[in-house]
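Look for subunit A in each of the two complexes below; its partner is subunit B in the first and subunit C in the second.
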Partner chain A sequence: MNHTFTGWLLDLYLNQQEGLSLWFISADDDSRVCFRQHFPLSFYVSGPNENLRMLWKRISGHPDVLSLSRQRKQDVFEDKLVDVMAIEMESPASQVKLFRDIEQVYPDLTYYDADIAISTRYMARFGIFPLALCQLQVDENGVIQSIQPLNDRWELLPELPPLRVLQVSPDADPNRGAVKSLLIHSDRFEMRLALDPQGSYLQTLDQTLTDYNPDILVTDWGDSWLIPFLIKQSEAKGIPLQLNRDTSRPVRWQKETTYFSYGHIIYRPEEAHLYGRCHIDRKSAMMWSDYSLAGTLEMARVTTLPIEKAARVSPGQGISAMQVITGLEKDLLVPYQKRQFEEFKTGLQLIQSDRGGMVYQPITGLHTDVAQIDFISMYPAIIILGNISPEVPLPDGLTPAHEDLGVVPLTLKPLYEKRVAIKQKIRTYPQNHPMTDTLKERAQALKWLLVVCFGFLGYKNARYGRIEAHEAVTKGGREVLLRAKDVAEEEGFEVLHMYVDALWVKKKGSNKPEHFTELIKKINHRTGLTINLDGVYRWVAFLPSKVDPRIPVANRYFGVFQSGEVKVRGLEARRRDTPLWIAAVQKEMIRFLGQARSKDELEDCIQQAFNCYQQSLRALKAGLVAPDELVINGKVSYALEAYKASTASVRAARQMQAAGMPVKPGMRVRFVYTKGEPDVTAWDLGKRVDPADLDSAKYIELLIRAASSVLSPFGVSVDILREWSLSDALQLHLPAVLALSQG
Partner chain B sequence: MMEYNRPDSLTLFEMPLPPKRFLAIGAHALSERMLQLISALALRQHVTVLDCGNRSNMYAVAKLIRPYTPDPVSVMNNIRLSRAFTCYQVLAMIQATAKYPLNEPLVLLDLLATFLDEDVELKDSQRLLTHSLNLLTQLSHQVPVVISTRQIPVIAENRIVLLEQLKASVDICWEEPLPLPTSQELQLALF
Partner chain C sequence: MGRTIASITQTWQEEEAALNRFKRALRKDDQLLLDELLVLSRLHLAEASYASNLYPLDMYLIAILLEVYKQLKTLQQRLYSHDQSKDQERLEEEEVFLKLITNYLETSGERAQENTSEAGEEELVVVEPEDDSSYTDFEEAP
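And then the complex of A and B:
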């Protein structure tokens, strides 16, 4: 006898018996329920007929194979349909096992749909995604007979479940010092559990997990320290601790990894995954500082990645999952190993096609009444407008060469539209509306997905990537920017700088937003894309190269909008490796400059910024800056033994290695510069560093460079600033420094 | 087209190249020298380049050929190239090249780069490399095949077998000499 159940999907994973286990939050009584579901599925193999015949003989009669058939299906990179052997399997677990077995024996065959995440397959078949509200028919054994979604991924304000979130954090950074207690926080209670030797904190925590029964466990250092610590203590003391909601399973560990992403080597520590509830480690959650829990849940909803995974992986994996769903919905084969290489070109064609975004170097120096106009999500918009996808003919410029949208634009269109709709919704709310922050976080998550979609087209392992499609996007971008420049110049504006999707323009007498409305309208019309006024600067300073002051540098500037908001790009304050204190001084100097409402008021403000620098310099020389404010957040990109030259980060990493703390490629290494030998001290060794031990000369140089970035547009050169700063003069006088710089 | 006969441009192999398999090993897969080779070949004839490590800097080639020809466009059009970014793609690219008879020299840049990818199991890398080298052997009966690669980096030293496999498959191998020890290392301290 079946019964109907309505609830939100929280977690989904494989089980050996029925196929899948699914955890729901009931919409009727707030209970958490686990059901199971049979989930037969198919994967496909192509190759020479004789090899397929051998494979057929090998697996026909296999107990988990439901059927074998010959089918014709579409490979996205082939012009014609491909003959494939379809292998229908009893369950996802048996599919994984059989695929691994036959791939060992027949590695040269081409496999499709062989390694698709179960959450992605489930979405493609039923339209169900994390936190989807669903209606189910369930039999008396708790096995789902049918399921259907009651909302979709693109709903603007979906009905969400009342999630129970429990936060557990150590009271100190476990890498820096001894943890004495755990801080527990939920919407109902807060407590501090002392780590007593008897282990009573384990009992309290276990009881809390049982009573409160959280859906999401949010931790700090949960992957790298907290959960391993709790499990170890639980085993050592013999005190049970049930972290999973599914009590039949232990915590699942995912191996640590190092990978290359967008020009950076990234290290991800081992991950602790739970069954029936989700564990999010804020320190491992890649984008937590950008979009927090609301953005993470939005990411999970639209990408269909499990919540735990959506919190940790790069947005590229989210885009990949979404493209696979689109591919499956279009009945396209999803390649296991993409073998598509670049089409043959001549040397000249490669030069012509392999270019990036358009950059028009800025006119360096200080400019007033400048408008910055940006195209909204330019590359995604070009992909959609130009219908750029690996399987359809590519456009020449912006005009699509094919009517039906390909996999990539089809994936991006609803995402792009949802982000625009959320931003429009935010504008309808009054200031400080309780929904605003949540919506902003959700919009931010969608923004990241849109940001990475372009790069993903050229990514070697992207299932629907193609280098020519990637190049077509940048070609469209250059076309768009040139059209915008033409319009601006026709309208009498001077173009000061262009950078991929943004223009900085000025015209005498144009200093209010409405003075740029006509320009924006005309650019929108000429390009077919939407351009937006980012703001009108009271003043903006484009900075030159540090190596050669005669050379301008793209995207290195700071300025103040008419609202008083300061915008900084490419300066020390934006870099992750700049010590907090140096960044703060630079920001403070810019804040002083930002108080100037016009060019005339700048002189006073420069003096104030200069005073700020002087005071900071005195504090640094006097040893009044705390070492923890001067920590440098370095990074090692390779295994330590691969380094021939020893940088400060590497020297610090070697200290950690020597102290038994392994350093993996991509890991961040924090250190301070110290006097004598060694000249750096790894911060995470936990050694006490006295301010007197710091190498103040190194920090003074960092401060000089940061200050000169701010003061150079006003005529203070770095050499003069250094000369004055390193002298024993008690007082620096700005006019004297300026005179020297200019003289 | 001007005759390209500068003797110092190709220090690795004597021109014209016979139909054999050449291997050049050195830092950065000897990119600069390989681009010189491509330029020299393109000034004479057509050349096919299979770039396996994103090293086909055609701007550099354009600069190299510019002093030797009044028609750089034609010379650049003599170069036919493709890039691959995984070892699966490398094999597919070589297969596609071997499908039709080749009349011009074949240059493979940084052949082993993608085979060192730790996401690909070593046995798969070996299998794919074996297929690739068999195809290159066939091609070398028709045209010269010049391969460049770099020394196996420390972090991938378990894959040294791939370099050995490659070395064993070629007719002529040239290895960049290791840098000489510094004078301080050569000179013994007096006291």
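And then the complex of A and C:
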């Protein structure tokens, strides 16, 4: 006898018996329920007939193989249908196992649909994704007989379940010092559990997990410290602690990894995954600071990645999953390994095509009444407009060469439209409306997916990557930017700077948003893309290179919009390795400058910013800054043995290694500059650092550099600041500002 | 990141390095000027990249020429605009002067006519040029 159930999908994973286990949050009574489902599935193999015949003989009669058949299907990169052997398997787990076995024996065969994540397959078959509201028919054994979605991934304001979120964090950074207690927080209660030797905190935590029954466990250092610590303590003390909702399983560990991405070596520690509920470690959730829980859930919904994975992996994996869904929905074969190679090009073709976006050298110095106009998601828009996809003919400029949208634009279109719709929705709410933050976080998550999609077109291992398609996008980008420049100049604007998808323009008498409406309209018309007024700056300063002040730097500027919002790019305050205190001083100085509503008011504001620098310098000299505010967040990109030159980060990492702590390429290494030898102290050694031991000269130099970035456009040179750091008597002169205010 | 060919900044650095021996042999003053010229070429890296020329140095040289020409034009403009205002002033002064002369001559002529009709009054002496060539001589005079 079947019964109907309505609820939101929370978690989905393989089981050996029926195939899948699915956890739902009931829409009727707030209960959490686990059902199972049979999920037979097929994968495909192509290759020489004799090899296929041998494979046929080998696997026919295999207990998990339901059927073997010959079919003709579409490979996305082939013009004609491909002859394939379809292998239908009883369950996803058996498919994974059989594929691994035969791939070792027949590595030269071509495999399709062989390594697709189960969440992606499930979405493609049923249209169900994480946190989708679904209606199910379930039999008396708890096995799903049918399932259908009641909402889709593109819904703007979907009905979401009332999630129970439990936060658990240690009271101190476990890498720095001894943790004495755990801080527990939920929407219903807050508590502090002292880590007593008897382990009563384990009992309390276990009871809390049972009583509150959280859907999402949010931790700090959960992967690297908290969960391993809790499991170890639970085993040592013999006190049971059930972190999973599915009590039949232990915590699943995903191995640590180091990889190269966008020019950086990145280290990811081991990950603790739970069954039936989701564990998110804020310290290893890649984009948490950017889009928080709302963005993570949005990412999971649109990409169909499990919530735990969506929180941790780069958006690239998300976009890749979405492209696979598009492929499956179009009944295309999904290649296991990419077999597309770069086309032959002559030297000149290579020089012409292997180009990025246009990055101009700005006109350095201080400019007033400048508008910044940006193309909205320029590269995704070009991909959609030009129908740029690896399997279709590439456009000539921006004009598509093929009518039917390819896999990539087809994947991007709803994503792009959803982001635009969310941004429009945000504008309908008054400022400080509770919905605004959530929507902004969701839009931010979608932005990252759109950004990454372009990169994945050029990624050699991406299933739907092709370097020529990637190049076609940048070519379109250059064309669009130059058209925008032409329009701006025709309209009498001076173009101060251009950076890939943004232009900074000014015209005498144009200082209100409406003065740029006509320009925007004309650029939209000329390019076919949407350009948006980011804002009008009261003033903006484009900074030169620190090494050679005669050379402009494309992405080093700061300015204040008419709304009072400060925009900073490429300054110390934005760098991850800048000590918190130095970044805070620089931000404060910029805040003072931001108070100037006109150039006449600038002089006073500069004086205030300079005073801020003076006070900070005094505080630093007097040893009033806490060492933890001066920690430098360095990085080692290679194994320590590979370093010939010893940088401060490497010296700190060597101290950690000597203390028996693991140091992996891509790992962040925190340290402070100290007097004498050694000249750095690794922060994570946990040694107490006295403010008097800090090398104040090093920090003074860092402060001078940060202050000079802010004050140099106003004529306050680094020499003045350095001189002042030695003598308190020096007066501030403001040559540039005086000239400006007189001009 | 995954580039097959060198970026425009890399090619600029290669070209700069290729000049090292030439630069070393220059006198100190010239070395500094050469540095300044090279900086000028960096101001148009984006444009040089877009040009995708097989010989990027050509683009850097054009960029230097462009910036030097810009400086030249700015200086020229300053000089020219200075002269122009002077010229304008002078022209205005001349115009006023001519008007005064014309008025004077016209009124003098009327007076002369009146005088000829009235006996006993002074005769206005009008010096006529001897022939056309005297004007030419005057205009060509240094």
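The definition used in the following text is that the second predicted complex is superposed on the first by the 720 of 743 C-alpha atoms of A that agree within 3 Å, B and C clash if a C-alpha of one lies under 4 Å from a C-alpha of the other, contacts with A are read in each partner's own complex, and residues count from 1 in each chain.
In this text, a contact is a pair of C-beta atoms (placed from the backbone, for glycine too) under 8 Å apart; a residue touches a chain by one contact, two chains touch by 3 or more.
Every value quoted in this text rests on a predicted model; they were computed, and no experiment measured them.
Within the superposed three-chain model, A:Leu350 lies in touch with subunit B and with subunit C [touch as defined at top].
Look at A:Met358: by the touch rule set out above, it reaches subunit C but stays clear of subunit B. In the superposition on chain A, A:Gln337 contacts subunit B only, with no contact to subunit C.
Using the contact criterion defined above for the overlaid structures, shared-chain residue A:Arg478 touches subunit C, although it does not reach subunit B. Looking at the shared chain after the overlay, A:Arg550 reaches subunit C, while subunit B stays out of its contact range. By the document's definition of touching, neither partner reaches A:Pro63: not subunit B, not subunit C. Looking at the shared chain after the overlay, A:Tyr638 reaches subunit B, while subunit C stays out of its contact range. Overlaid on A, the two complexes show subunit B and subunit C touching the same residues of subunit A, namely 347-348, 350-351, 354, 460. Within the complex, the subunit A residues that touch subunit C are 262-263, 347-348, 350-352, 354-356, 358-361, 458, 460, 478, 482, 498, 548, 550-552.
Residue ranges of subunit A in contact with subunit B, taken from their complex: 107-108, 337-348, 350-351, 354, 460-461, 467, 638-639, 641-642, 665.
Subunit B contributes residues 42, 56, 58-59, 61-62, 73, 76-86, 88-93, 96, 124, 127, 131, 153-155 to its touches with subunit A in the complex. Contact residues of subunit C toward subunit A in the complex are 1-5, 7, 36, 39, 42-46, 49-50, 52-54.
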